[in-house]
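Below, each structure is written out as structure tokens.
In the two complexes that follow, subunit A is the common piece, with subunit B as its partner first and subunit C second.
Now for the complex of A and B:
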């Protein structure tokens, strides 16, 4: 079957049965969830995960992709209307978006955000499709050593996910890897860290842990640190489509946003927040009217919003081609695969081509659905924004408990979510990275099993990782990625020392 | 202080994992690494991270004039969010644990409205009708979504056999 046929079959599969309804529901929940401050795209996806239990893998992935895309736009609604970003990625759009609202152009700003975001999302999906297939063919040459080297390289992303401390990020990643060792060892049948509990023999439920680390901890954080901010949205706002002339005026910013979003998305660990701010700055640099930025520039809304959405396609390149999630949202996509019995990794495309092509088709469809759903759902977002935070937090916690219980009709799952909610809260307070733990969780099984298989093949010789070209190249790359930040850190420390020494001796020279 | 606490925790936790990993059987001779090595290495790695974190923190603080540059993680977030209320956090955790304990025994329909109302009270700022409407609405909507939408049996607890929907 050729590429086009596969894609057309993907469209047919994505649309069969309840497909369209599931996509609409995913996008709608994503927009509403994203609009509620405190529920990021990843949290909205984590909350939607239990509802995908009864679906097949392709429908579940497409629904989650819809939530992800929807949340990217949803976060911009409170950013534009209330100067309160719903998701971190929409923070850059509030600078000019809220300024436009103050000037009475809220509906126009929402329209620019929706249309440019959709354009960015669609282009990024096309680039994703163009890149994943060749990369997927490359990994056919992979054996156990290459797969382990790739998993190891993926784990170096911890450096990018550790915002506050590399050491704490590394420890967080180790913690995630450690969690995957709980249960029966598949190679030898040894029992590890079950403490005599038969429920743990099959390992811990990754989904419950993720929901605990992301969603429960966030709810506990909101309860423990209550914000008393008046949330009074602009109740008469609607979505006004930009005219052709307006779209032409923001064309350059949209282009810049798409390129930035794609590049930043492909770079693991960077994410939507970085991309939207970089896009904002670059759009100002390339704009004919940089003076308008910060004062209600349409370009100032278009660029970050396009980048924010274009990240999704870029992010999915390493996720689908290599099995390395570049962000929390991508990690949840991979967790959904595990949930449906599919092992994520470099062989996803070769082993499950129909699934990947259905996801491609679904991604295009959910991005197209963004516009009609976005227009209709705006009223719902305004209602959600008026909900009292206590009712919202309490309802979300109840949804989490019922959702995680529904997975296996097993009370251990919500209990795990509670335990990891507390763990996640503690990690946040002490500056550890929950995202790094999730990365370890997703890659842990692959890393250990492929490492041991490789050593089994080589009769215990570690040189196997350095005598095969792809594996050796990945090892060198991993080493470089680990050493480069350390070199930069030492250089910065040296410069700081020089500066401080200069400041200390400065007056004496006068 | 948070850095030193984190470092101490990592050393203790990593050490505990190493001790527990040593109890895992070595496995089979054909598996050169065995089931013990990976968790043992991870425990060692976490302990090492703790040691390095402590050394880096103490070394940085030992240099006069630079201690101020070392900000404790999380402090910036506390500025963005409201002030920390330990009572609310403990209350939420206890209420959730109680909800899980009652979920199957008491049943979803009885436990959920009580739990939602409890969390709303702990969160604060809600009184009167809101404390009744939101818990009941959440309970009914979720029940309908799971029981009738997804056809997943939600535990009826003590109402088992009494209710017929």
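Now for the complex of A and C:
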């Protein structure tokens, strides 16, 4: 009763004065910022941070929450339309999203991404509101071994991404893992593979490489193989909102995405990007049509998009319950709190309940606002498809150069995008998987640092991964996922041989 | 009618711009003609981190003191030295300032062999504040005193696990210096930052935590962490009952200090104006509240004393860096 009352008061506080306008502005900026390559969710929030100084703490938090939610969705607009991930978290949705665009279903894919993302975001916020305190204690059960086990589990997706040759897929994945070793090593302080470039000390810019492998290579491909891509007439854009039947068809993927997003969000080390890839893999495993994945599956868009929005609720668990940010975006929320003179930590809930409940209400509201604001912006973006291919290719390449440069102001980043555009083109020609490289890139840092940290914690003993329940469960799952297809394969061959033997010996008997 | 109105708007606009331009230098005259336009404070770390929050709070507190605003600009990358490179190339007119701490102005330039980006390539403006370095244990720790811990650690080398931030950061230097001074061997577990280190410690995967008190203060109140030792010159006002490492006989004194520097060659009068402004800003209520919330202490030093401090700090940190074998040769 008291709880409901607090939440209703929260809604009233969030909506008073300029509240609604601030939220709409936050969501709109988030979507636009997220759509610009180089501006990730955290950067979009950081750019909005100075504008919140004049607001009271609650309004500031709600606005930043709006930017955060918006950016999670915004990144997928260029990913689906142009094969250009606006944020790292949208890279998983690109695989099927862009296929759908090529088949003429761009607005459908964007609509599914918007609605499913909103559903994932809303459910995760409701779970957050209901269980922030018990989940806060669960956060501490996720240590380095658990995060490593999750990264390993995520890497099994390499198998799914290597279509023609498993060996080539594995090589592509390892190439991505190798790229993440560049930079100053946290665990030893030594410098690895920077070739004297100080820009590489903090590691390679993941989004520049992603854009190179996916978007630049695709532009080169279109230049080399000019053909009219089947594009949907923009006049049909109003059908973007998915029908109930279409939503039901991706219901299972949305459910999987929500669960994955929540769990990965709660894990302190992993965030939106890792969750979207794991969700993509799991959605395929549980799908009735796994063969469609990679060839334009709506479920392949729904699952990662749901997951990267559902991460928001999970990320806020350690942030609100422990005062330790679950991601870069959550860190900006904490910075806003500190700059408003509020100390985050385990007593935030008991000392500032009104503020927390306003944030909860605001989170629900901004996730709801995503749909109207998203549809308005999405319609504007669909106009891009009306451009003639040469103009489209040229403008995308221009956006890529500006976007990758603007993020860190390093000229190296647009160069990386260009170089990896050529690499990605070569990979496509010779049947390697650029997606597997991106997966290695996304999970490599996590896998390496958490593996080594786990071994420091265990004083060198490898049993640590199997003596802790969550880690052991994930390890068994990973093993099962790797072995199960082989077992099935052997069983099928054995059965085939049995029937063959049966038909061969049958007539001889009689 | 429409033309008429827009012409009037135009006039009002131009008139107000002229008025502002005319008044701005008049206010500046009292402040030695400087600053007459906004100052940029460049931070080499991403928004939302400790350095960024510090810079924004400082800029906010200096608001009423300097006649011009201070705008924080983030140029993250290369362990903070990307910002050093950028600022060193800006005109030495006092309008571009650099956030600097031990990591960005001494340690990273040394281990990455970029002496041209070290602190002495800049003019020190002021050391502002610092966070003390603490060692924490869990409430159920088997050692009640530092002496008991040392006895245990001597009998069991590498059994006591200490979570902290990355190798090459102040946290790791505190632990290394302590190991040398006390003749013990610990298992240091590096992390990407103080937050993840605190999680490893709170989750029971390390016996000790090294770092600033701000991230664990509420966990101390919640009886999940206990301050054990502090690496400061004198006992801290935050937990006055906690002994310093120095009084236990180990000369381990480190603080996470934060400061402001300028490109080399800024006129001394401008440096002086900035130093005075920052010193005054430290008296602002907003700054005091920020410092208290961040569990930080004011460590103000003017340009001359700060330069002397940096000379000593570099010599000291260089020894630790070479002990760790971090320097590229």
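One rule holds in what follows: the second predicted complex is superposed on the first by the 270 of 510 C-alpha atoms of A that agree within 3 Å, B and C clash if a C-alpha of one lies under 4 Å from a C-alpha of the other, contacts with A are read in each partner's own complex, and residues count from 1 in each chain.
We adopt the following convention: a contact is a pair of C-beta atoms (placed from the backbone, for glycine too) under 8 Å apart; a residue touches a chain by one contact, two chains touch by 3 or more.
These figures come from a predicted structure and were not determined experimentally.
Visitor: Under the stated touch criterion, which partner chain does A:190 make contact with: subunit B (first), subunit C (second), both, or neither?
Guide: The answer is both, since A:190 touches subunit B and subunit C.
Visitor: A:409 contacts which: subunit B (first), subunit C (second), both, neither?
Guide: Both partners, subunit B and subunit C.
Visitor: Report for A:346: first if it touches subunit B alone, second if subunit C alone, otherwise both or neither.
Guide: second
Visitor: Using the superposition on chain A described above, determine whether A:334 touches subunit B (first), subunit C (second), both, or neither.
Guide: Second partner only.
Visitor: According to the stated criteria, A:459 is in contact with first (subunit B), second (subunit C), both, or neither; which is it?
Guide: In the superposed model, A:459 contacts both subunit B and subunit C.
Visitor: Would you sort A:393 into first (subunit B), second (subunit C), both or neither based on which partner it touches?
Guide: first
Visitor: If you stack the two complexes on chain A, which partner ends up touching A:111: first (subunit B), second (subunit C), both, or neither?
Guide: After superposing on A, A:111 lies clear of both subunit B and subunit C.
Visitor: Does subunit B (first) or subunit C (second) touch A:422, or do both, or does neither?
Guide: So A:422 only meets subunit B here.
Visitor: After superposing on the shared chain, does subunit C or subunit B touch more subunit A residues?
Guide: B
Visitor: With the two structures laid over each other on chain A, which partner does A:70 touch: subunit B (first), subunit C (second), both, or neither?
Guide: Touch status of A:70: no partner.
Visitor: Quick check on my understanding: which residues of subunit A belong to both its subunit B contact set and its subunit C contact set?
Guide: 53, 185, 187-188, 190-191, 409, 456, 459
Visitor: Spell out the residues on subunit B that touch subunit A in their complex, using ranges where they run on.
Guide: Counting only subunit B, the residues touching subunit A are 2, 5-6, 9-10, 17, 20-21, 24-25, 27-28, 30-36, 38-39, 42-43, 45-46, 49-50, 52-53, 56, 65-66, 72-74, 77-78, 81-86, 88-89, 91-93, 96-97, 99-100, 103-104, 108, 112, 115-120, 122-126, 130, 134-135, 138-139, 142, 146, 150-154.
Visitor: Applying the document's contact rule, which stretches of subunit A touch subunit B when the two form their complex?
Guide: 51, 53-54, 164-165, 167-168, 170-171, 174-175, 177-178, 181, 185, 187-188, 190-193, 216, 219-228, 388-391, 393-395, 397-399, 401-402, 405-406, 409, 411, 414-415, 418, 421-422, 425, 428-432, 448, 451-452, 455-456, 459-460, 500, 504
Visitor: Which residues, counting only subunit A, touch subunit C once they are in their complex?
Guide: 42-43, 45-46, 49-50, 53, 139-144, 184-191, 198-202, 268-269, 318, 322-325, 328, 331-332, 334-335, 338-339, 341-343, 345-347, 408-410, 449, 453, 456-457, 459
Visitor: Show me the residue ranges of subunit C that touch subunit A in the complex, using the header's touch definition.
Guide: 46-49, 52-53, 56-57, 60, 72, 74-79, 81-82, 85-86, 108, 111-112, 114, 158-159, 161, 166-168, 172, 187-192, 195-196, 198-200, 202-206, 215, 217-219, 221-222, 224, 286, 289-290, 293-294, 324, 326, 328
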